[in-house]
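Across the two complexes that follow, chain A remains constant while its partner is chain B and subsequently chain C.
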Partner chain A sequence: MAYLLFSLSLLLVYVGLAQMLHVQFGLLGIPNFGVVGFWGFGMYFVGVLQVQLSMSFIDAMVLSSVLLAVISYGLGHLILRLERQAILCATIAFSAIVALLIVTEKWATMGVVGLGTIRYPLRVFEAEEILHFVILLAFVIGAQIYLMRLHKSRLGRLMVAIRDNEELAASLGKDTFRVKLRAFTITATIMGILGGLSAALNQFLTPNMIVPSITFAVWISLVLGGKEHALGGMIGVFITFGIFDIFIETYAPVSPEFAVLVPNIKLFLYGALLVAVLLYRPTGLLDRDTEPRDILIGSLGAIAASITAVVTGLSWIAKGFESLAARAKKDDDA
Partner chain B sequence: MWIVRDSIFIGLLEASPLILAAMGFTLIYYLNGFINFAYGENMTFGAYFAVMLNVGFGLNFYVAIVPAALLAGCLSVASYLFIFRPALNRGVKPSEMIILSVGLSFMLRYGLVLFVGAENAYLNEPPIGFYNFMGLGATNLQLIALILVIIFALNLYWLIYKTNFGEVIRGLANNEDLAQVSGINPHKVSVKVWFIAGVAGGLSGIFSGVFALANPQMGWNLILITIMVSIVAGVGSVRGALVASIVAGILTSFITLISKPLYAEVVLLVAFILILWQRRGKMA
Partner chain C sequence: MLEVRNLSSGYGDVDVLHDINFTVESEIFAVLGANGAGKSTLLMTLAKLLPLRAGSLSFQDQDVTETPAYDLTAQGIAYVPQERNVFPDLSVAENLSLGGLVGTRPKEERLAEVYDLFPRLADRKDQAAGSLSGGEGQMLAVGRALMQDPKLILLDEPSAGLSPLFVDILFEKIADARANRGVSIILAEQNAVKTLEVADRVLVLSLGQQHLLEDAKSLNRKKLMEAYHI
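What follows is the complex of A and B.
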């Protein structure tokens, strides 16, 4: 149960990251490939302030957010005028810098030894994990409501206009760069706040948490779910993270030998899925105008179908492994 | 002045795989106009093909390099024919082509992990000799890698700048319609270019552990610096990629000599962002 709560909290963190990426890429067309950098910065900064300087969680979070806001504002100033491929490379470089500095600055981050223990922000006897989950849930729901409203607002329409044709938007007298810079700074900082919340979730931080596959998991969720729809990121995370990290790891009857392979199979399938989506359905599952009713029907059907498929497939593979093991054992005996 | 001499020497030895990777990567970017992250896996697979032929089939160490590089070229052509060309034909935008290539990169990398495991794979090396130059050491394998890279790089340079085929590539990259009107088949040329780039990437992968080992993550670790070098060089310029990769190699070893190795990477990455900004993001 405790593990399920941890997984569900992590799922909410991913939903939050996908929501922020939706604003950056889906609405504004900023291809931020350094998600893990912003998230990891928040996570480690909150951790370091709390463990090394014994600050309270709230103070650490405020300080780290202010710093990250300044950094993302500066980074945005440097890169947001560039063409999209250049932005993509620069944000990847940013996340690589964060990952490298976490390894080198051992005096603060303890390097590869790992940093711990980070406490939950609200310390209520026996219930801090549930409370933390509730905080994350409130955060994600709040962001979702804001996104829905944003899509119908003038600002949302302006963002889409900037994405589709920035020169046109600028010629109508809109300060497109300022809109992009503001949105980028705010969303990147929120990614850091989500990182700070995951620091408490993880309790013990190591540099190998700051890996490109996190950026990639958020991207595949958003692209699969539908990058232009307010609910796209959330649906994408439910499908990817929900199936692989919660359903399979917690419930599926997987033998231990096979369980070691699951993360690799997951990333392999993510890659294949991303290629397939971009080739055959570039808008993702939900396109811009998908109605909520269709989403509900479609997702119920998809959940049923995918659970059936995964269970059948896994039991089939597990059976294969068992018979292989049995045969190997027979050979050994003989 | 020892530090300058040392960093030039070590930088040249270290840069040799980067030179090949940057040149091959540049070719693809120049022709098709998108950043191909799966090129990193091209390097990884080159190294694994060499391990497979050398350890699995017991081929001589140096002989195994040739078919391994050719296999890497075939992989590159396959990725073009089955993934990238259909996507280009469907009009996928460059920024989405990159995401596509990242997807392919993860698919290939973790497909490989499922097959061979995540551990290092080692080649059966010939005995290592150690040579001394003016107080600096290099192994025979490092020197052979450097010589092979120089030969391959010079050939590639000659191919792009001195032959008819090179002119065709440049024509196609600059104006595809005009090139087609003058009787150039873009499809055939693309297949050849992807093959050459794949061979270069495969060789780069084989050399990058200085012939010693292969690891599924090696391509991903190399691709970022390859992209940086190619962009800083001014994408599309094979000549620039050659120079920039040597400079990056020397710079890395210089910073490594005066501080920690990881700081060299941080400095290069920061410099990369600043160069992008200073150029106003014009990649070519």
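What follows is the complex of A and C.
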């Protein structure tokens, strides 16, 4: 139960990151490839303030968020007028700098030894993990409601206009750079807040948590779910992280001796799904105009189909290996 | 209304426009010239999407040389580029509503006027702008500019790539916007014949230089050809 709660909380963190990336890339066309940098900055900064300076979680979170907002604003000012390729490189560089500082600044981060223990922000009875999950859930639901309203608002349309043709959008009477800078600063800071909440979730932080695969996972979820739809990031994370990382890892019907194969098979199926979506639905599972009813039916169908395919696939593969092993054993005996 | 003094402009290391001078009053002011003459560069510079390298601009007696594009729009200048002039992922209605980000009159009132001028847009209001035909796209671009309640529209080659029928309709609408709404228009065009039918005055550019500035009525074919071929 504790493991499932941890996994589901982590899933919500990924959903939050995908929601923020949706605003940055899906609405504004800012290719932030340094998601893990903003998330990791928030996570480690909250951790360092709590562990090294005995600061309360809330104080640490506020200080971390203010600092990250200033950094994001400065970074945005430097890069948001550049070409998309340059923004992509600059954000990767930012995340690489964060990861490097975490390793080298041992006086604060404890380097590769790791930093802990980080306490949960709220401790009520023995339900702190559940409470933390509820905080994350409320955060994600709140962000989702805001995103859906944003899509129908003038600001949302202006963001799409900026993404499609910034020069033309500049002639609409709005300062497009300011819109981009504000949105980038706010969403990057929220990525850091999600990092801070992840610090409490992980409790013990090590530099190998700040790896590019987190950025890729969030990007793949968004692309798979539909980068232009308000629900795209959430649906993408449910399918990738929910089905592949939680469901398969935890509940796949594979005998223990073949469990070691699961991560590889999972990656193979994950890749196959991504290729299929990119081939047949390049805009992702949800288009910009996909209706809520179709989303519900489509999502349930996609989840059911994915689970069935994965479970059946895994069973067949496992059975195949088992029969091979049995035959080898028989040959050995003979 | 708009005064251009000694304007020079270009892209990167390349100078395109040199020492351009003219004023635009309440009129349709045509900018003619062959391909590469600098018509689009001039309009982009006037819209402040390209920086001035030299010279000055004033609009309604206020110096706007350093004014950014978005502020200029708020002051009443709308720009319609030649290409990529609609937001393809947004619907017709959403494109038009973006034009209503500036201006004080109720947006619904302005929208009704644009639909009245271009009934075809009303028929396609929920359709993605990217799926419109070339002519409908141009109508949408002009409609969005009108939504801004502008005092001056910078219109860059609206007839490019359109069938003769659509060109006729579009020029009729341009003349209508001028006559009934009092909006001034700077119209950059290659289609000299159609342009001279609606224009009050004409500026001819050739290789980034200003070669002729004259009333459209007194302009004869010989003068025009000379200006084009200098």
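Keep this in mind: the second predicted complex is superposed on the first by the 294 of 334 C-alpha atoms of A that agree within 3 Å, B and C clash if a C-alpha of one lies under 4 Å from a C-alpha of the other, contacts with A are read in each partner's own complex, and residues count from 1 in each chain.
Throughout what follows, a contact is a pair of C-beta atoms (placed from the backbone, for glycine too) under 8 Å apart; a residue touches a chain by one contact, two chains touch by 3 or more.
Predicted model only: the values in this text are computed from it and were never measured.
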{"item": "Which superposed partner A:D59 touches (first chain B, second chain C, both, neither)", "value": "neither"}
{"item": "Contacts of A:R81 with chain B and chain C, given as first, second, both or neither", "value": "first"}
{"item": "Partner chain in contact with A:F216 - chain B first, chain C second, else both or neither", "value": "first"}
{"item": "Touched partner set for A:L101, first chain B, second chain C, both or neither", "value": "first"}
{"item": "Contacts of A:V275 with chain B and chain C, given as first, second, both or neither", "value": "first"}
{"item": "Contacts of A:P31 with chain B and chain C, given as first, second, both or neither", "value": "first"}
{"item": "Which superposed partner A:A170 touches (first chain B, second chain C, both, neither)", "value": "second"}
{"item": "Comparison of chain B and chain C by chain A residues contacted", "value": "B"}
{"item": "Touching residues (chain side chain C, partner chain A) in the complex", "value": "47, 49, 68-70, 73-74, 78-79, 81, 84-85, 87-90, 94, 97-99, 101-102, 148"}
{"item": "Contact footprint of chain B on chain A as seen in their complex", "value": "29, 31, 33, 75, 78-79, 81-90, 92-94, 96-97, 100-101, 103-104, 212-213, 216, 219-220, 223, 261, 264-265, 267-268, 270-275, 278-279, 282"}
{"item": "Chain C contact footprint on chain A (complex, rising order)", "value": "154, 157-158, 160-161, 164-165, 167-176, 228, 288"}
{"item": "List of chain B residues in touch with chain A within their complex", "value": "34-35, 83, 86-87, 90, 92, 94-96, 98-100, 102-111, 113-114, 118, 220, 224, 227-228, 231, 260, 262-263, 265-266, 269-270, 272-274, 276-277, 280-283"}
